Amino acid sequence: MNLDDLEDLAAKYRADAGDHDTEVRVCLAASCQSSGAQPVFDALSAGCDDGAAAAPCKVKGVGCMGLCSAGPLVAVAAPEAALEAGVIYRDVSAADAPDILASTAPGAAPVERLRCPSDMPFFARQHKIVLQNAGIVDPNSFRGYVMAGGYAAMVQALTEMTAQDVINEVTASGLRGRGGGGYPTGLKWSTVAKMPAGQKYVICNADEGDPGAFMDRAILESDPHRVLEGMAIAAYAIGANKGYIYVRAEYPLAVERLKTAIRKAKRSGFLGNHICETQFNFDVEIRLGAGAFVCGEETALMASIEGGRGQPRPRPPYPAEYGLWGSPTLINNVETYANIAPIVSQGGDWFAGIGTDKSKGTKVFALAGTIVNTGLIEVDMGTRLRDIIFAIGGGIPDGRAFKAVQTGGPSGGCVPEAHLDMPVDYDSLKTLGTMMGSGGMIVMDETANMVDVARFFMEFCMDESCGKCVPCRAGTQQMHGLLERIAKAEASRADLELLEELCDVVQATSLCGLGQTAPNPVLSTLRYFRHEYEEKLG
Amino acid sequence: MPIRAQQPDVSVVTLTIDGQDLSARADETIIEVCRENKIPIPSLCWMDGLSVVGACRLCVVEVDGGPRLQAACATRVREGMSVQTNTDKLQRYRRTLVELLFAERNHVCAVCVSNGHCELQWLAQTCGVDHVRMPYRNTGYNVDSSHEMFRIDHNRCVLCTRCVRVCDEIEGAHTWDVMGRGSGCQVVTDLAKPWGESDSCTSCGKCVQVCPTGALVKQGTSVGEMVKDQQFLSILARRRSSR
Amino acid sequence: MQRIRPDLPSTDKRWKLVNATMRRNGYAGHALIEALHAVQDAFGFLDEDAMTFVADSLDLPLSKVYGVATFYHLFMLKPQGRHACVVCTGTACYIKGAGALIEGIEERFGAAPGETTEDKSLSVLTARCVGACGLAPAVVLDGNVIGKLGAEALCDRLEQEIAE
Amino acid sequence: MSSGNNKVTVATTWLDGCSGCHMSFLDMDERLVDLAAQIDIVYSPFVDAKTLPEQVDLGILEGSVSSDEDLHKAREFRARCKVLLSLGDCAVNGNVPAMRNPFKLDAVIERAYRENVDLNPQIPTEGVPRLLATVRPVHGVVDVDIFVPGCPPQADAIHYVLTELIAGRTPDPSQVTRFGA
């Protein structure tokens, strides 16, 4: 199969789908489902089948549209049109179905009382590459993905490019790992590719564990084929024939949609043996996590796939050399793989033209905390924090003042008002004492108590420490105790000094990233809000 | 990391440790070279003959002046490598790590059967730990005396997992493993039943001999009487790997 | 040396589901976590019989199975209540009052996180971010995410579920 | 480190311990004679003085802090002694007295005064200091300058530490003693 054949296939699918000018999209991602999206979908579908719609229209369940706090969300748009090009409705209930269906008639007015302006900055200021299909395609439909141009990059790679060509494009794109570390993806791929031929593995890290981060869940729930396509391209590039997706068991909907996607892709010959009638074989299996944050660390993740306790081991040797069952292994996270297909289709140079000097492309962020527009956004690297929080996020509710934004989860830190004009990329966040992490952004208003925030994250690290190495196991426990004492105003200046020393020791000596970064929330709150600690000392 | 390097590499590299020019086999780790050359690096989880876990972090060293410390047990030597094993910073870190271990469980040396023969006690002295600055955790742990020959006192366990590894890698019984996570970790036999009820335990006593503290001891020993003999390990490990 | 696979622990049909999962994975040792998931899905928790059966089937040491079962927070070694309420304690939920939900539940039902009420009607658990930050504070009640409820309203809802 | 009459003033007392460290002090035997020429023991179980002077050069505490009274003594020593020394494992790390810490205080008292008593079991309320919930080493309640671990520290170790202090040097006790020594 070549690109022309794939285009023919997409055309056939379009013809099969029948004639309709409008589609009514209902977000069926986890957040909207929790707000009652399923009854809305059922009511709209029933209404459409009964002919309540004024024009030929189709009701379709889709993935995340982003503005989770306004769910259930419904959009009325032309088939495959971008979200902003349609009419978006918020807080929809089943009772609204007739009105929405009636509004699809030619010349009919939108239902104003439900309308969410699609030109509001939340939608208008985003740049969607990873989330291109989210909220538009039906995540359970293989055909839908193909009709939206899916699998073209894989077919192009398999039929028109060598493995080295693919790696060159990824390297040229400047893409860096979206899981937190920001390691250059092209370099990682070429390292694994250079290992002697033999059994190699591709792993997708979907163990998104940072509290306050739900980017990967949304991608998997909205566009699972995009991730599979990225993994298949990676496998082709490095010479692997087997892949694993390690997903949190806390994401049942994502798991279900991934399973469906794998099954359908296999049945259609886009996964498995002789993919698209080429010599390339690639099989994907899902492995479920079982509630251990540390399994996001790559060596712990592999230990877990191997059926053991998810405990990290010293690196080197790195997974690229000695990975799953001792074989060379490529591990990237969900968002990284989701970037691959557009890079292959549109070229590394195109991607490298987006973002900042050292951080290319876009980044998906999960906005949460005390912010008006809670949800999922994708913006160019280098967007200012202020624009993200105040323009796109709509600022702080209830007239309160902004205090800090926490990025990077338990490994990150808090950024205060004074640094909000910093363009967001891997390096700028590092200079602020925090990190990109996987993309969670928790906004805190003036009522937040920063010692308590540090204590919260330390408790998280203490609970999630695997217990293997001494500094992380015993050090986080002691640091948590000291933070509790400070929070209760029972601590002395010597306690604060001991806390700072333990931060240094745990950071410098811990075995894996969890321990090495566990002191970050303390160090960062000490850096910007030291007076809040000192006020509590005896 | 596997016990031995994947492929034995007999080529020779030269490196400097604390300014001393040394040569070593390319498949050796820094700690092995230090031990051969009588350069003292504290360690607790590492043991010649067992696989490397890099868990106690006491053997961290500075390599080539880089900011990231490396565990000497888990880092192979390289040509031209420059290692510092005993800087002020490293001494400070080690002291704190030893303090953390003492604060974590109830190591009351004065009434321990291993008093005077304990690696943790010795580490405290060599690292200059004359008191523990952090509060003691004061969590009580079980003492399991159900085995007819041996006893485990979890109050004195440092979770080095030497017992787990020797039981699995040398004896082949895999009676021991670690349960729980974080501060809740404990070594267990089988399904965390009393040791004496274990079906898999062969009562070989290797776990007792490799235990660095008074956690695993022989029954019937009194204060200071438990002296451990670890000679067997390197011999067994060597003979096993040459099969 | 041929290894003999153990018989199913009882005639309970759920063992067949567990066995099927292990068979699908070729009774390989690395299928341990999958097998434990299967046991928990079928029985709601892992008891000694189940762990012994899985260990024998996959030819793994008992202590290894126990070590893995106790490492992961999702695996339960004790039977759970008829209803399970998981309070999300992720950052967003924490900021928006997850602590008050936990306190409220403990006050009304007498069960702290990790505990089950005496009448076995409700188990209270916590999770590190269920990824529903937009609905903070979020709880997962018997698999369904409920968001934006205060402690009072949540407890009422729980009482209602228990009564049904 | 002397004041006034060229002799170093020394105060010692025992908190919750077995007095073994003081016995070890006496084990310095004939060296005590030389020491007596350099130090003046102004308050101690060894001597008759009943009040702790306002200003002392060196305070030596044996035993852990287990009761109200221990806490009071430790604070008083800290306030009045220029240099404070923790002598022995109980003072340095809690040692045997701290082995009750994993248990609740009520359970400990119950066990000591009722369960293990055959005749007229009762919990004393008068004439005994109130026990603290947690036994702590001396530095857990006041700042300590010198730590001399050991159970008890050998007379040689005590002699080394005192000689160094008298000479105005900072001793390194880990050369001569350790936990449990």
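Should a chain be cited, it is by its letter among A, B, C and D, assigned in written order, with residues numbered from 1 in that chain.
Here, contacts are C-beta pairs under 8 Å (C-beta built on N, C-alpha and C of every residue); 3 or more make two chains touch, one makes a residue touch a chain.
Remember, it's a predicted structure, so these values are computed and weren't measured experimentally.
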- Item | Maximum centroid distance from chain D, chain identifier (CA atoms) | A
- Select, from all pairs of chains, the pair with the highest number of C-beta pairs in contact. A-C
- Whole-Å separation of chain centres (CA-atom averages), chain A against chain B: 40
- Message: Taking the mean of the CA coordinates per chain, how far is chain C from chain D in Å?
- Response: 52
- For chain A and chain D, let me know how many angstrom lie between their CA-based centres, rounded off. 59
- Could you state the distance in Å from the CA-based centre of chain B to that of chain D? 34
- Item | Of all residues in chain B, the ones touching two or more other chains | 133, 135, 178, 180-181
- Message: Can you pull out the residues of chain A that are in contact with at least two other chains?
- Response: 292, 309, 463-464, 466
- Note on the structure: Within chain D, the set of residues that touch 2 or more other chains is none
- Task: Spell out all pairs of chains that touch, sorted by label.
- Result: A-B, A-C, B-C, B-D
- Query: What part of chain A is in contact with chain C in the complex they form?
  - Reply: 30-31, 33-35, 68-69, 71, 208-214, 217, 249-252, 287-293, 304-311, 366, 368-370, 374-375, 406, 409, 440, 442, 444, 448, 456-457, 460, 463-464, 466
- Message: For the complex, give me every residue of chain B touching chain C.
- Response: 168, 173-181, 188-192, 200
- Item | Touching residues (chain side chain B, partner chain A) in the complex | 1, 6, 52-58, 60, 69, 71, 74-75, 89, 92-93, 96-97, 100-101, 103-104, 133-135, 137, 158-159, 178, 180-185
- Provide the residue numbers of chain C that touch chain A in the complex, in ascending order. 28-34, 36-37, 64, 67-68, 71-75, 89-96, 127-136, 138, 143-147
- Note which residues of chain C are touching chain B in the complex, please. 48, 51-52, 61-67, 70-71
